[in-house]
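The following blocks contain the structures, represented as C-alpha cells.
Both complexes below contain chain A, partnered by chain B and then by chain C.
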Partner chain A sequence: MARVLSALWWLPRGLVLGLLAFAIFGPIANLVLWAVAEKWYFPHVLPLQYGFSYWAKVFAPRGDALTSLVTSIVVACFVVAVSILLAIPAGYALARLRLPFRSLILLAFLIPQAFPNLTVYVNIARIFYQTGLAGTIPGVVLVHVMHCLVYAVWIATAAFAAIDPELEEAARATGAPPLRAFVDITLPLAMPGLMASAIFVFLESLDEFTGSYFVGAPYVHLMPLQLYTAGAGGNYQIASITALLLLIPSVGFMLVVERALTADVLSRIGR
Partner chain B sequence: MSAESFLELNGLRVGYGGEAVLSDISMAIARGQFVALLGASGCGKTTLLRTIAGFIHPDAGVIRVEGRDITAAPPDRRDMALMFQSYALWPHMTVAQNIGYGLKLRRVPRPEAAARVAELAASLGLADLLQRKPGQLSGGQRQRVALGRALAVSPRILLLDEPLSNLDARIRVSVRQEIRALQQQLGITAIHVTHDREEAMVLADRIVILNAGRIAQVGTPEAVYNAPVSPFVAAFMGAENVLVLASEPAGDRIRIAPGPANEAAEVPRAGRDLTRGAIEARFRPHEARLHPAGAAVAPDALALHGQVLSVSYPGGQWRHMVRTGAADILVDASQAFAPGSAVTVEVPAPVLYLFNPAAPDPQTSRGATDRPVPNASA
Partner chain C sequence: MSSVSNPAPSARLVGFLLVLPALAVIVGLFLMPLAISVIGAFRTPDGWGLANFTKSADLYSIDVLYTVGVIGLSTLLIGLLSIAIGGYLTLGENPRAVALLRWLYRWPLFIPFIVVGQMMRTFLAKNGLMNNVLVAAGLMAPLDTVSFLDWRGIVISFVWKQTPLVALLVAGAMASLDRGTIEAARNLGAGRLRILVEIVVPQVMPTLLVGLTLSFVTMMSVLSVPLMVASQSPTVITADIAFRINAYADYGVANALGVISLVITGGVAWFYLRHTMRERL
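Up next, the complex of A and B:
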C-alpha cells in the first residue's frame, strides 16, 4: 500500500516539475525557433524555412544591432566600474563601522526603485537636458548607476559582513597598516561576493530600458531599445536574436552566482 | 614600577558603552616572562589582551613597552603578535603564505623569508602541510599555523587569547608543553589569556587573576595557590569549601572559637589581618583529612564534626559530601566512609584560608584587592 502511494506521489510531482520546465524553457524554445526561422506564418506550427540570414543582418558590420550591442556593453562596463568603486567603500563602511541610521542608509539606496520608474526618469531627463547630459554616454551611465547601486551596495555590504573581522585584525596584529590589511585580506575574501554584485549590475544595466529610453534615445542606442524597435516593427527574428544575445550573460551570471553567493553572504543581504 | 619592567600597564580603564569593563589595571611584566591572565568568562581578560594589542583604546591609563608610551599606537605599530582564539587563519592563503605574511610585510627578501617559514614549520611539525589551505587542516594543525604566524615576525610580545580552548583535552596538554618550551627557547615575553586554572599554573611564571574587571591577585602559581588574598581567589584556586568561624586574633596566633560543628583551634597568624568575630574559612577537598568521629587531630589543625551524606568515586580518592553544622563540604579520603557515619574532618593550618567576611558592596571590597600583594613583584 505504502509503495503504491509513494509511486503515486510521483505523479503530481512530475506534473508540477513538467509545468515548471515548460514555463521556463517554453519561451526560450520559441525564441530559438524565431532566431533561426526564415519564414513562419500563422496556420503553421513550425517555421517553414530555416536559416541564418537574420543573424548575418544582426552581425553586419554596419548593422544597428551590432552597434547597439557594443554601446550597451560599453555602457554596462562603465556602470559596473562606477557602481563597484562606490559599493566597495560604502559596503565596507555599512558592514563594519557602527554607523548611526545604518538601516536607513541601506534603505535610501532603494528609493529609486520605490517610486514609479517613469516619474523618476522623466524628471531626470528634464534635468539632464538642462545640463547637457541627455543623449550622452555619461548621462546614461549615471542613470544606470542610480538604478543599480542598490544591488551593488547591498550585496557588497553582505559580502563584507560575512568576513570575520578577526581575519583583518590578525593582519593588523601581524603588522599590516589598515589599507594593506584591507587589500590583502578583506578584499580577496569579499571578491566572490563583489564579483556577483558586479555581474548583477552588468545585467541590470544591459537590461535597463526606461532610463535608457528617456535619457539616451535617440543618440545613445542601446540593446533594449533595438529590441523594442525590432519587436514593435514586427521583426521577430531580429528581436529574438537580440534577446538570445542578452540571455548569454544571464546564464553566465547564474553559474557564477551559484558559486559565489553562498548562504553565508545571502543571509546578510539587506541587513 | 621597577626599572627592568618591559611591559608596563598603569591605571588602565576600559569602558564599553559607559560601563567599566576594566578598572585600575596596573602591572609590570619583565622581559621573557610568561604571564597568564586568569579569570572566569566575562571578567575582562580578553578585553585586557585586546587593549594591550591595540584593538581597544583605554579611557584612562598608560601602556608602556620599554618605557615608551604606546597607548595611542595602532596595532600594527606595536611589534606584538596576537594569536586568536578562533586562530583567524586567512582561508585564501596557504599555510606557507599565512606564516610568511608578516615577513612579506617587513620586506624580508624572499629566499630568507622562505627559509624562516620552512624552519618554523619544521619546528611546529607543519613541514608537509605548507601548500595546504587552512580549510584542509585539523584543529591542532590550525592552532600550530596560528602560532607559527605569530612567531614568524619575532614579536617582542606574544599575546595568546585562549589558544588551547578549541582543542580537545588530550591534545591540549601536549600543546601546552610545546608552547611553554617554544617561549622559553625564544625568550619571548608572553601574555596568555585563559579560564583554565591548571593551564595557567603549568604555563605561567606569573598569574594575574581578574575578577569583574579588576586585578584580584598577581603572583607566582604557588603564591596564588597557597596564599590567596581574597575569598574569590581562594575559590578560583579550588578552595570551594566555605565555613563561617569565629576568630580571636591574639598576637601572632589566631584563636578559633569552638562552634556547633568545630572544636577550638589555634593557627599561626602568618601576617593575616583578620578582625575579631565572624570570618570566612575556605579549604580544598583534597587537602582536608577524614577520620572516624572522635579521632585526635594535629595541634595546629582545625577539627570539624560531621556526618557523611554521600560518597562517590571520581578517580584516585573517594569524595565525601559531609554535613558539618549548617554547611555541606566536600572532603576526599583514600578510603570510603559509609553514608551516615559520623566523622571528624581535619583541616591543617597551612591549607586553611581565613578571610574577613566579604563586604556586600564591591566598592568597599576594592581596598582588599588594591592593597600591595607581597608576591606581586615575584
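Up next, the complex of A and C:
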C-alpha cells in the first residue's frame, strides 16, 4: 500500500518536472530546430526539410557571420588580457595588503552591474565619437573591460586570498626579491582561480550586447550584433545558428563551473 | 591578515598603486559617463532646466509605468519560483526528483540575454513551437493560438533567464540553514509547505532580497530582450532610450529617461536597505 502511494506521488511530480523541462528545453529546442531547418512555415509543427545549407552560409569565407565570429573572439581575447593584467595587481593588493577602504574598493567594481547602465553606454559612445574611439576595436575592448572587471577582480582577489601567505614569506626569507617570490610561488598557485576568472570574462565579453551596440556598431561587427541584425531582418536560420554558437561555450561552462571554481575560492568571492 | 606586507605607510601606498589602474577604468568609463548623463538630463538648448523631463513625461509616462509593471511582475514571479525551487531542493523527500530538479533548473544560468531574446521570439510566436506543441497535443485549436510577443513575452524571457541565478542563491542559503528547527517542526507534524513558509523563507529573506534587487537592476538595463521580443508601443524604458538616440540623437530626453530609471532602481534599493536595516535593529 505504502509503495503504491509513493509510486502515485510520481504523477504530480512527473507532471511538474515535465512542465518545467518543457519550459526550459522548449525554447532551446526551437532554436536548435531553426538552426537546421531549410524550410519551415505555418501551419507545420516541425520543419519540412532539414539541412545545413545555412551553416555553409555562416561559415562561408569572408561572410558576415564568420567575420563577426572572428572579430568577437579577437575582442574577447583582448578583453581577457587587459582585464587579467588589471586584476592581478588589484586582486593581490586587495587580498594581501592592508588597504584602507578595502570593502568600498571591492564594491566599486560592482557599480557597473548595480546601476541601470544604458545611458552610461550612450554617453561613453558620445565621448568616444569625439576621441575617435567609437567604432574601433580598442573602444569596444575598453567598454567590455569596464563591464567585466567585477568578475576579474573579485575572482582574482578570492584566488589570492585562498593561498597561504606563509609560502611567499618562506621564499622571501631565503632571500628572493618580492617580485620574484610572487612570480615563482604565488602566481602559479593562483593560476586555477585566474583561469576561472579569465573564462568568466571571455564569456561576458562574447555575450555583451548593449555596449557593442552603441560603441561598436556598425564598424565593429560582433556576434551578438550579427544575431540581432539577422533576426531583425527575418533571417531566423542565420540568427539561430549565431545564437547556437554563442550558446555552446556558455552551457559548456555551466556544466564545468563547479570544477573551475573550487569551493575554497568560491567561498571567498566578494569578501 | 598577512605579515608579508611592508611597514604600514609604504605598504598602503603600494597597495593603492596596484589597485589604481583597475579603479581608474571604473571611474573613467562608468562613474564619469554616469555623471555626464545625469548632468546632461538637466541641460536644454536654453540653458539648465527641466524641459527634458517634461518632454519625457509627455511622451513616455505610460512606458515608465509599463516598465515598472513588467519588471515588477517579473521580479515577483522570479521570487516565487526561486522559493519553490529552493524549497523543493531543501525539503523534497524523493532524492531522485530532487536530483532531477537540481540538474534541470540551472540550464538558463549562463545563456546570454540576446540568445534568450532570439529563442523566445521563435518559441512564443503565434506559430512558434509552444503553440504548435499545445495544438499537436490537442490542448488548443489551431485558430485559438495567440502570439505571446508582447508584455507577456518580456516577462517570460526575464523570468526564464533570471530565476536560476536567484534560485541558486536561495537554495544555497536554504542548504546552510540549521536542520534542527526543520526536523523539530516536522516531528511536531507541520506540513512541508508550512515549514517552508513559516520557518525556511523568513530565514533566507536577506539572500532572496539581494538576489531580487540584483535581478531588478539587471532587467532595468537589458536592451536586447525588449528589442527582440516586443518593441511595439508601449515598451520598456531601455528601448525608448535606444530609439531616442538612434532616431533623433536626442541625448537630453535619453539622459532624462536614464535618470528616471536610476530613480526607480534607487527606490528599490532604498526599500531593500530599509528592510534589511529593520531586520538588524
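Throughout what follows, the second predicted complex is superposed on the first by the 240 of 271 C-alpha atoms of A that agree within 3 Å, B and C clash if a C-alpha of one lies under 4 Å from a C-alpha of the other, contacts with A are read in each partner's own complex, and residues count from 1 in each chain.
By definition in this document, a residue touches a chain if its C-beta (ideal position, glycine included) is under 8 Å from a C-beta of that chain, and two chains touch if they have at least 3 such contacts.
Here the structure is a predicted model, which is why all the values come from computation and not from measurement.
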item: Partner chain(s) touched by A:L107 [first = chain B, second = chain C, both, neither]; value: neither
item: Touching partner for A:L19 - first (chain B), second (chain C), both, neither; value: neither
item: Contacts of A:G175 with chain B and chain C, given as first, second, both or neither; value: first
item: Which superposed partner A:L167 touches (first chain B, second chain C, both, neither); value: first
item: Partner chain(s) touched by A:A56 [first = chain B, second = chain C, both, neither]; value: neither
item: Per-residue touch tally on chain A - higher for chain B or for chain C; value: C
item: Touching partner for A:L31 - first (chain B), second (chain C), both, neither; value: second
item: Residues of chain A contacting chain B in one complex and chain C in the other; value: 169, 172
item: Contact set on chain C toward chain A in their complex; value: 1-5, 8, 11-12, 14-16, 18-19, 21-23, 25-26, 29-31, 33-34, 36-37, 40, 94, 97, 100-101, 104-123, 126-130, 132-133, 135-136, 142, 160, 214, 217-218, 220-224, 227-228, 238, 241-242, 245, 251, 254-255, 257-259, 261-262, 265
item: For the chain B and chain A complex, residues of the former touching the latter; value: 53-55, 74-76, 79-82, 84, 86, 88-92, 101-102, 105-106, 149-150, 153, 159
item: For the chain A and chain C complex, residues of the former touching the latter; value: 9, 13, 17, 20-31, 33-34, 41-43, 45-46, 86-87, 89-90, 92-94, 96-100, 105, 108-109, 111-124, 126-127, 142-143, 145-146, 149, 153, 165, 168-169, 172, 203, 206-207, 209-210, 213-214, 224, 227-228, 231-232, 236, 239-240, 243, 246-247, 250-251, 253-254, 257
item: Parts of chain A lying in touch with chain B, wherever the complex brings them together; value: 164, 166-167, 169-178, 180-181, 184-185, 188-189
